[in-house]
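What follows is a set of structures to go through.
In the two complexes that follow, chain A is the common piece, with chain B as its partner first and chain C second.
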Partner chain A sequence: MSSIGTGYDLAASTFSPDGRIFQVEYAQKAVDNAGTMIAIRGKNGIVMVADKVISSKLYTDNANPRMFNVNDNVGVGVSGNYPDGFSLKNYAYGEAMKWLKDYREPMPVQNIANAVAEYIHIHTLGISRPFGAGAYFISWNKQTGGRLFLVEPSGLNYEYKAWAVGKHRQAAKAEIEKLKIDELDVQQLVKEAARIIMAVRDENKDKNVQIEMGWVGEHTDGKYEEVPSEVVTAAEEWATAKLDEDDMED
Partner chain B sequence: MFRNQYDSDVTVWSPQGRLHQVEYAVEAMKQGSATVGIKSDTHAVIVALKRAQNELSSHQKKIYEIDVHAGVSIAGLLSDGRILARFLQTECSSWRWDYKQPVPIKKLAEAMQLKLQANTQYYGRRPFGVGILIAGYDKDGAHIIQTDPSAEVVSMHGTSIGARSQSARTYLERNVDKFEKCKTSCLISVFHLFILASPEELIVHALLALRDTLPAEENLSAQNTSIGIVGKDSPFSLLEDAQVSVHLNSVSTHPRTTAQAQGGGAEPMQM
Partner chain C sequence: MNAHDELQRTLNPTCTGTSVIALQYKTGVVVLTDRVVSYGKMARYKNVSRQYKVNDNVLIAFGGDHADFHWLQNVIERQVLLWKRFDQDIGPKALHGYLTSLLYGRRCKMNPIWNTLVVAGVEEEEKNNKETSTPFIGVITQKGCAYQVKHIATGLGAFLLNQAVEDEWRKKGEDLSREDAEAVLRKSLELTIYHDCVADNEFEIGRVDATEGVVLGKEEKVIGDWSIAETNCQYE
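The block that comes next holds the complex of A and B.
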């Protein structure tokens, strides 16, 4: 980025001479430097996994969760700057509530993702700073199957089969690509997702980390839920064993 | 000393994806006198160190009641803190009006986080230069919530913010470790010590942690210390002056933990 410090990167309302908006790129950095977060769509459901740093043992269990319900059917997972992400979650929740009031039915995941993307985009025009957070939105039902969206700090909103954001996103994406994700059921997804998160960790730097998971699928009857801690623990144990096994082979 | 061209406004991201103005606001919090909060299963305690401008003035108020079941203590710019305390008082009373129930502490924390976050994103307002500890008791038990100017709001077993608060946090963590060693089979929680503590013990732990933030020549006194406690079947109460002395007496029997310049040991409390 040779244009750093030339004065074209101090406001979201400023284009650089080569047509870039640096403030939005810098906001994306806040997501890129945060803990890895992946989401995978399998045969009969979707799993979201985040790697969280527990910076003090004085925290209570599951302090600062990154995954929430937007409504009964849709889950949101926020990555990047935590307070910004929380604010996005709050906006999504408010929009879903308005939809329910107006139409008397739950807001579909695509509409939620679009609404949030629009809101994020407004913040890239320069009145305030862009959000330093991104958000996954996931849902599953019999008619549409699983759907997974990611909204970025730029306001871009794409649907994915699987994706990774955060510190080790490249390595995580490479790992995901090795899997035949369309054939995996939710139980297998949970294990593989835990394995990927643990495999891409930097052993020297990533200390005091904890996995948080959320899922939705046929097994939850299309309701988004936080994955029970015993399932997460079992997945971590499986993943540790699997990683050790792989190390032995090398 | 920190200056760079990305630190003049809250609405500017640095190339590394950081918000310098927000980080500086956190520094303001770190300059305020310390406050400590810890909880057990049934009670939450906040203690705070008050400063006086000079010998003729009173000490600045640091702990506020915000409802029957909750109180806050403040570190940083106390005038910013007072605004936030008033905000929380309003949240508490409007929740009571809407639902005819005390507000759950979690909801209070969420409202607080959204308010703080807005001041880190929108042009024209600076972030609050203050950190707050919320102590409360609701249907889910006792809570200690820590907030800071960057809008990080987090639920804690025990914590401290303000000047030299690391010493207090060290005290809290160290006492956990001691306990872990003597009861390695204990699986319930590493915070067993505090979880089973009586309200009086809890206050003593909080005061000992607070005392560790003081330089050797200073000590806790009835004038510079405030205590707030809330718990099961006991509404929030703010202890000051004479009521504080009682608890300071039980603290004075404990020697100062950090090796102090003048011999350390059990110094008499200045009352």
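The block that comes next holds the complex of A and C.
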């Protein structure tokens, strides 16, 4: 960022002369530097995986989860600044409640993503600081199949087949592109996703890391759930074996 | 209260349901409601359930205004979602307490919710141990008067049935089996259709069992014995 310190980066309320909003770009950095988090849409469901650093052994198992239910059908995964992400999840939750009150049916994933994107966008207008977090929203049902959205700190909200954010997003995206994800079922996705997360780790720097997973699909009857720890462990074991095997070939 | 506030209040219910009869048995609760919606004394809609499954542990049945109850279903649904956010399932005791406050609050605003509610369920005493779960029946009247019972009949049933249901209950007490409890309910419904002109002979029996959870009832029908009608001097 060449023009750092030229006076246009102290608040999101002013554009730089070349049309950039530095505060929003810095907020994006909070996501870019956080643990890798990927989401993949497969044949019959979606899997979301986060790589988290466990900074102390004194934390309870799965303290500070990054994935939550918004309602029974939609899952949210937040990356970046944890309290910011947590607050986004709470906002999404409130919106889903309002929807349920007004329409008496669960809020669809696209509407949730849009509502959150609009909320995030308001925070890029210079009133207060932007959110240093991004949020995946995933759901699956028989009519629409799987849907996956990512809302970024700028308020950008795109729908993806698969995506990666965080530290090793480039490597992770390259790995995802090698897969025929449309043909993979959820069980295979879980394994491949674990493999990708572990493959892109920097062995020297990424220590005390833990994988967290969430899924939704035909097998959960369209309900978003946290992936059971046995399944995650099995996927990790499969991935370790697979990665060792690949190393042997090289 | 302002001068014309009465114009904005429900002063009379419109589409209504009549009695609810519920009874505890050894490991759960059975609840009977008929399946008609009355508009005044006319049987306006048939095949409508008056029972709502809240989650695996709680079932709510109601008498009184259908529209108010539909609104309540939404309130309850949102409450369930709020509890899930903290990884908890709302139990019958907590829901009974919540609805008591809600109905009492509304009557204090002179704008009551026109329902008599029967909250039936099993209260989990220990996590992941269904054997220690205890049956629960809680009643809330339209004015927020709430109490817990082992057996209940509401609506016109309160005048007709409570003694009969209690007599049956006392014979076996806590050891009452589900089959016996359902037999009591069926007999009770038969008594209401003889005396309550808005009660219907099509009904359902839902139950909440400690091990099976909530099981919604299937539609059933009772004909009864109408030979007694001959002795009624107004009967044509």
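In this section, the second predicted complex is superposed on the first by the 250 of 250 C-alpha atoms of A that agree within 3 Å, B and C clash if a C-alpha of one lies under 4 Å from a C-alpha of the other, contacts with A are read in each partner's own complex, and residues count from 1 in each chain.
Heads up, the rule we're going with is that a contact is a pair of C-beta atoms (placed from the backbone, for glycine too) under 8 Å apart; a residue touches a chain by one contact, two chains touch by 3 or more.
Predicted, not measured: the structure shown is a model, and the values here were computed from it.
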item: When chain B and chain C are modelled together on chain A, clash or fit; value: fit
item: Which superposed partner A:36 touches (first chain B, second chain C, both, neither); value: neither
item: Touched partner set for A:97, first chain B, second chain C, both or neither; value: second
item: Chain A residues touched - chain C or chain B, whichever exceeds; value: B
item: Contacts of A:139 with chain B and chain C, given as first, second, both or neither; value: neither
item: Partner chain(s) touched by A:69 [first = chain B, second = chain C, both, neither]; value: second
item: After the two structures are overlaid on chain A, angle v-u-w for chain B, chain A, chain C in degrees (C-alpha centres, nearest 10); value: 80
item: Smallest distance from any CA atom of chain C to any CA atom of chain B, in Å, after fitting; value: 6
item: Footprint overlap on chain A, comparing chain B with chain C; value: none
item: Residue numbers on chain C that touch chain A, as the complex places them; value: 74, 77-78, 81-82, 84-85
item: In the complex with chain C, residue positions of chain A that touch it; value: 69, 71-72, 93, 96-97, 100-101, 104
item: Of chain B, residues touching chain A in the complex; value: 5-6, 10-19, 110, 113-114, 116-118, 120-123, 150-159, 169, 172-173, 176, 190
item: Chain B partner contacts - residues on chain A that touch it in the complex; value: 1, 4-5, 9-12, 22-23, 26-33, 56-60, 63-64, 81-84, 86-87, 90, 123, 127-132
